[in-house]
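In order of appearance the chains are A, B, C and D, and numbering begins at 1 in each one.
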Amino acid sequence: MEPGAIVKKMYDNDAFSQWLGIEVLDVQAGYCKLRMVVKKQMLNGFSLAHGGITYSLADSALAFASNSRGRQAVSVETSINHLEKLKAGDELLAETIELSVKNNIGFYRTEIKSDDKLVAIFNGTVFRTNKTW
Amino acid sequence: MEPGAIVKKMYDNDAFSQWLGIEVLDVQAGYCKLRMVVKKQMLNGFSLAHGGITYSLADSALAFASNSRGRQAVSVETSINHLEKLKAGDELLAETIELSVKNNIGFYRTEIKSDDKLVAIFNGTVFRTNKTW
Amino acid sequence: MEPGAIVKKMYDNDAFSQWLGIEVLDVQAGYCKLRMVVKKQMLNGFSLAHGGITYSLADSALAFASNSRGRQAVSVETSINHLEKLKAGDELLAETIELSVKNNIGFYRTEIKSDDKLVAIFNGTVFRTNKTW
Amino acid sequence: MEPGAIVKKMYDNDAFSQWLGIEVLDVQAGYCKLRMVVKKQMLNGFSLAHGGITYSLADSALAFASNSRGRQAVSVETSINHLEKLKAGDELLAETIELSVKNNIGFYRTEIKSDDKLVAIFNGTVFRTNKTW
């Protein structure tokens, strides 16, 4: 399967990414770019986007980018720094790039920007299984 | 304010924690225990709980535990390992403990279990602001 | 090979662990306990133990614990929080436990204590190769 | 003090960075570039550079870059992925950039390359104290 077809298949079954309102803007082997908008349901007790929202966006981006090469991949470690406060209505763009990919392990970085400002940095390591798409 | 009152105030305004269906089981200074159940809307393209779900539960637990001491705290770095696959209907228990707290920085660990099995490990570092609850 | 024999073989060829003055106190499958003392050569520009010293001790502990099961393992992601300042002469005890081990991936936590106080927390994820000791 | 003078003062007292043979190639506010060569004493039981070596180089780079702005800074969380195996004689170049700096917290990324290939990725978060250089 081609990268775009794999991600379409993943996304079409991904209820949570759909709930988040994620749009897939671009997919290539080892790469993807996503868009979403912060909604009121996504806010925490400070009226800011819950940390889980940017994490979830970045985690979907990691899943799409790392699976797009055709081997099924699962994350083994992810970390995120939340750099800026986000409010309802803010538009988020997430871009995942591949830093290194070996037979069994892949390393990816996702940056989330809002209005051209870096708002979160997410690093992810995946295990690449032997199952193919 | 007392730990329980702070967390009640945070939770009552936290739309996303409410959407997740989080229940606060216990709160003490620097500690909290939460419960939630995985729902169909929370699944990813593999029909498993999206990584963002366990992250979000753990991130709420971190926020509650670190704010419960009375100083407002914001996370600066968080990481999570997803150890087990989770399906719709699985019950999750998250417990956050304080590893070390200094004037400005606090270190916390959250473990998520399902049916007594460890399913995710989350580590969080917070910056403690000068604002009080 | 037995856990103790594997670690002895690793240690006997590990020039850097020897330079650090690491002593192996205990080894079991998926577990080890190490000891070392901070020396003047290990200090940074603040006259405190360089962050690389506690990291190196913990990384050796991870390598020993994760290889002791008989499969060769390599770390894919490690993180450390430095909680306390350490001076020359301070004795460090590092203990690594196994949080979860799957066919291909293992998750470990190392805690470093000095004088019974937690001074660093280290989390490590390893890839387990097919090579055996 | 100027960035270069701060780093010179730090380096001149940093016994471990000197033992590593680190050379400071460039320093600017929030930035630095370092060089070192892997030596036999730095190898582990696989005859490869111990993970603590690239970590230590990156941690020195983080300390120099984050302190160079004039406020004393201490790391609160660091993580590293080791991407490639390194042997004795390999030359390492570490470059630290500032991703975001706030009043109290700064976020930095260090990449280590050898022969133009990315060999390690290091992310660091620092707390910025009120002490100045």
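Everything below uses one rule, namely that a contact is a pair of C-beta atoms (placed from the backbone, for glycine too) under 8 Å apart; a residue touches a chain by one contact, two chains touch by 3 or more.
Being a predicted model, the structure only gives us computed values, none of them experimental.
Looking at chain B and chain C, the chains in contact with each of them are A, D. With centres computed as the average of Cα coordinates, no chain lies farther from chain D than B.
Averaged Cα coordinates give chain B a centre that lies 32 Å from the centre of chain D. Once the centre of each chain is set as its mean CA position, chain C and chain D turn out to be 21 Å apart.
Looking at chain C, residues 76-77, 79, 81, 125 sit in touch with two or more other chains. Here chain B touches chain C in the complex through residues 79, 81, 83-84, 99-100, 107, 109, 118, 121, 123, 125, going by the rule given at the top. Here chain A touches chain C in the complex through residues 76-77, 79, 104-105, 125, 127, going by the rule given at the top. Of all residues in chain C, those touching chain D in their complex are 9-17, 19, 40-47, 50-53, 55-57, 59-60, 63, 74-82.
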